[in-house]
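Two complexes are shown next, each including chain A; its partner changes from chain B in the first to chain C in the second.
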Partner chain A sequence: MRIDGNTESPRQSMSWLHTWASLILGWLLYAIFVTGTLSFFQNEISIWMKPELHQSINRKDQSQQLQSAIVYLQQNAPNASAWNINLPNARSTTTDITIRGENEDPRARRGGDRVILDSVTGEKLQPRETRGGSFLYRFHFELYGLPRSWARWIVGIATVLMFVAIISGVITHKKIFKDFFTFRSGKGQRSWLDGHNATAVLALPFHIMITFSGLLLLMYSLMPYGVSALFPEGRLHFLQAQRAQLNGETIRSVEFASSSQKLDSSKRNGHGEGEKGRLNKERSRLEVKNVPLADLTAMLAQAQKLWGDNTVASFNIISPNRQNSEVEIRATYSESILNRAIVPTLIFNGVTGELISQPQQLKISFPIGIYNTVTVLHEARGVDLVLRWLLFFSGILGTIMVASGLILWCVKRAPQQQKQGYKNFGYRLVEVLNIASISGLLIATAGYFYANRLIPVTTENRSFLEIKIFFIVWLLTLLHAALRPHRNAWLEQLLFGAILFCVIPLLNALTGGRVIWSSIAEAQWVVATFDLMSLALGMILLFIFYKVKNHKVAGIHKTKKNINLESAAMRGEGQ
Partner chain B sequence: MLTTEPCNLIAEESSIKRKVKHKVVPAKYRWMIFYRFILAGIGGYILSALACVVLSYLFKAHPVDAVLSATMLAFIIYVSVFIWVFINHSTQRATWGVVIPSVLLFIFYWGLKGII
Partner chain C sequence: MIDFFLIYFLCLLGFLHICFSMSRHQQQVFQKVLQEKYNIWYLITGYSILVIALALSIYQWGKSIGICYWIGTLSFAALLILWLLSYYPIHLKLVNQFSRVIILALLVFNLLA
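This part shows the complex of A and B:
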């Protein structure tokens, strides 16, 4: 892609493509990376942002937790059509209950009244109004304030360009395997290029996984043609067929008791008309009588014994206190990463307490396996805390990769700009946008957390106000970046961001949250993780601050070799 | 990263750049770049969407697997087209490389639709 039209090697043209494909939506990509990386801790963020919940501690005594939930439900909603009890786990310390009213579909996924209980005392907790981590999570693929399909397309285009950048970057990067095993430390200041390459190569499998699965997760918006060709009735039909295929073998091979087969097929077909109709029929036929609920703790013990380490996650009690009641117990993790959302489930008769379901055998085909593996990692679904931190740090590496790439664009062009004595509009624009997006977004995110703790709990529309502050702070960082000299703007914003994040554990302690040493001592990792994550971010920002501060000095004494390295690596660019 | 290449090449390169720098970027060049992005972005999308549909129809016997594989492949095809468009020195060659497979896939698609 040279202006003079001379021939160039494939690697040179790929280097050009890498630069420009990345720059177009680089800032958006950075924002997606930051908010997406934070979303690995979505639960943690949401709970941190509701300090009212911090008092609840997971004592890991599930039968006691279950008992106190049942006591609450029997007192407050004995006639509900269903109770859903989510017991505390590693990422939530409260007992979360959903109550479905008498005429509601007991197996619906949405709706119902939500109640949060202190898992020890059984006391009802009232958290403040906030969007919590779901704002950042939604932002990373739907942005904010845009029509949903538009936003998904914009994010999708950015993802495709990211994929292009990865592939072209790999082609450009000739000695990729050698570099992977070479770590040149103690050779003075590592250039931005080295940083860019190191973060890119180190976490390359992660980058490929996150980009490809990102596209797959948006496939119904970006590439729906295969689905609509074979499933003209749409996406739901496709998902149903997928589920049917997963269960397909079992139904033929295993003899089911008639009741559980019915149950199984109704489960497979979702909760449509048939399900409701069947339930209604059953209800009228049985003339539902009030019958006391069987002992749930016995069922719990049975499930615990069967699943071992895979702890019991939730109870779904359909028609409690009635003759036709059923208890569905679900485990925390699916048996393998290949079958994604399908976790081991036991179904009991709610009156007699006998087990009525059979263990399921799933048939996972190769394409479904690939799809599930990459998307389950992207969503970090049912992933434990260690792997979650690993994904988080990989996300940070990706974030640094995007950021250093954006900065590299400027670093590379700086000598030319210096020589001509003034900065081109395009160059200055990239400079300012770099600062406002790279450090500005982090400051805005911190601002969002601070707003959450500092806006009074009783304020109207406070969740909207929090988001408003997020955007106002972001805009202010843009103004700051535009008005201040380039280097000062960087240093000031980096330092400010570092301080904001480092102070977050203190803010947490001062505004009603659980103090970090207490949360660690009580093994309340869901709260501790957020504080630790903030500290980690603050430290990283501080580290970069010092790096940038010393960078100028290194820049002046820049060796000829360094300049050659940079220009050589980025050779073949148009300008 | 290309340190193994001789240094005089680098010197030559920078001297070319210095010459180029003072020239105004020709409009033709800008249009060529714009055209390639359109070709890769929209042409590539059409090509991969057609491939997605054709592959889905081809393996209709296993609909769920067919659709998932076709969609996953379609994304890979899309990115490959992007690379293809920019790795080619000749703009014309890049164009044919997108147009001919698209037309073939389209014909194939109509054929399959007729059978089914």
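This part shows the complex of A and C:
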């Protein structure tokens, strides 16, 4: 029942909700979708933005890559508490090493000194200072320059509205199955609605997954009280407890203070000897002797044979050159997404070279299984390249869905605005914000890539400057959209964006990156794909530009100018 | 990659059959409405092919990842049909033949390799 007393069908009320819930934060959602979709290839973007790394080529001979890393480590950090070696793979070109100092926790998740090696020559590479793809990644859930919890709340609210939009959209849609394959082109509002529906319905499972998991990933920010009540020491303890539970341990919340290591060692020793094993380990750490490291290439061969297509990704060598040393080898892809990207792992004794433990089955409860499945997909953790591309293109469909919805709002109201002869403030605001977000953000992203290559490498604070340029360009597109007539603003921004993206491969070659034919010939797909995708995006923008340019304003959609022209022509005929 | 294309073309073929079962699209593709009995035949075959694609992708990648592959592939199989149906409806008959040939070829290749 509405205020005016008329009855309203559920579909009508949902349609109202869908329209306004989507509009209010639609532009933010579009920005989240664009930057989030790009984040599926965060690594690749970062590598493209560090052209110093393009010289390193993945020759696919892992034992040689491993050897040159070990040579470097033995020369430069023989006494480290741990070495972590990430071999080059389909998503990186270099050998990335993390060295942990003598007094550091060898199994820490963060910290340590990072060194990047040319995977062929073993030479140390020094990339430029840039936030790379991680800026876009951070932006998609923490925005920029706002206090972290504020930003997460804003993104959280936008995500809730997205969820509302999905559900109300499904209810509003009249014939999901009947119109499943239907797209009627060239029919104005009808076509926009069909396009909006198609991108929404065809990738509906993706949209639900990405929105729901987005909420789950933010849940500790949005609903912190349960965790803080149970774990007053902080969230870290909660996460440790969660991990321990996954590993099949019973929770003893008091002991979590130094638990991560303890649990790991007891797991490894097994047979209830955890406590004893830990004591032994601590004793042995006091009286370590220097012992040469076992042959790592033999372990590599064993892992390669076991995992086949799933290539070896990384080596974690704990206490290298000492009698208590251990080597953990990890594969690239996980075999299931029910656990949070726990990839197949082998653990060897670092002195004798014998295999200590095989991968073990984890116990996963139903809710944790759901949480893991959707969040692992959201973050594309440990998923292979084909699935990553599927997620990426689904992300693009989501982006188009949001954009077409925003445009549809205007298209639907355009006739009425034309009839009254002037544009309402609200309508004009939506028009301007649509242009500034849809084409403006793409231009700003291109601006970020250009800034990355054109700001001199030695400039101080250059990564900050890059981000500054991103926002300045974005602001300029907003000004441009506000000052120019609607149609011109679209055309100019589309053309400008198209040129920017089409020129990116050239920019790459001219500013120290690997030129496209060379990156293709050397199978350095990380770099080549970035260039090719930029070119493709540029072409698509150019195509849209011509579509809009040749678009005849039909029948009732006549603009004032056209009416004037037509009446002038008619008068001319009459004379 | 080959397995992915096999799943993709199976989904394409499945959706094509479902599409052919709808009278509106029959008009677009065949320029006439088919007899009622064909509708049901196309519908059942279409869904069966999709189920076969699901089974194959679970066999290939395991339960959790296989289902994700299948759902992701479905979106883009349907998208191709949507695009062709809007701009080149008559060519869908060719696409139908083509995807059968591709599926056969990929199956033979998989068995031999």
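Please note the rule applied: the second predicted complex is superposed on the first by the 477 of 575 C-alpha atoms of A that agree within 3 Å, B and C clash if a C-alpha of one lies under 4 Å from a C-alpha of the other, contacts with A are read in each partner's own complex, and residues count from 1 in each chain.
Here, contacts are C-beta pairs under 8 Å (C-beta built on N, C-alpha and C of every residue); 3 or more make two chains touch, one makes a residue touch a chain.
All of these numbers come straight from a predicted model, not from anything done at the bench.
By the touch criterion defined above, A:A198 lies against chain C but remains apart from chain B after alignment on the C-alpha atoms of chain A. When the shared chain is aligned, chain C comes close enough to touch A:I337, but chain B does not. With both structures placed on the common chain, the touch criterion links A:S394 to chain C but leaves chain B unconnected. Of the two partner chains placed by the overlay, only chain B lies in contact with A:S168; chain C stays clear of it. Taking chain B and chain C in turn and counting the residues of chain A each one touches, the greater count comes from B. With both structures placed on the common chain, the touch criterion links A:M223 to chain B but leaves chain C unconnected. Of the two partner chains placed by superposition, A:K60 touches none, neither chain B nor chain C.
Only residues 1-3, 5, 7, 10, 13-14, 16, 20-21, 23, 25-26, 29, 33, 36, 41, 48-49, 52-53, 55-57, 60, 62-72, 74-75, 78-79, 82-83, 86-87, 89 of chain B touch chain A when the two sit together in their complex. The part of chain C that touches chain A in the complex is made up of residues 1, 4, 15, 18-19, 22, 24-25, 62-65, 68-69, 71-73, 75-76, 78-79, 81-83, 85-87.
Across the complex, chain C is touched by residues 178, 180-185, 198, 202-203, 205-206, 335-338, 373, 377, 383, 386-387, 390-391, 393-394, 397 of chain A. Those residues of chain A lying in contact with chain B across their complex are 1, 3-4, 6-8, 10-11, 13-14, 16-17, 20-21, 157, 160, 163-164, 167-168, 171-175, 179, 193, 197, 212, 215-216, 219, 223, 225-227, 229-231, 238, 241-242, 245, 365-368, 370-371, 416, 564-565, 567-569, 571, 574-575.
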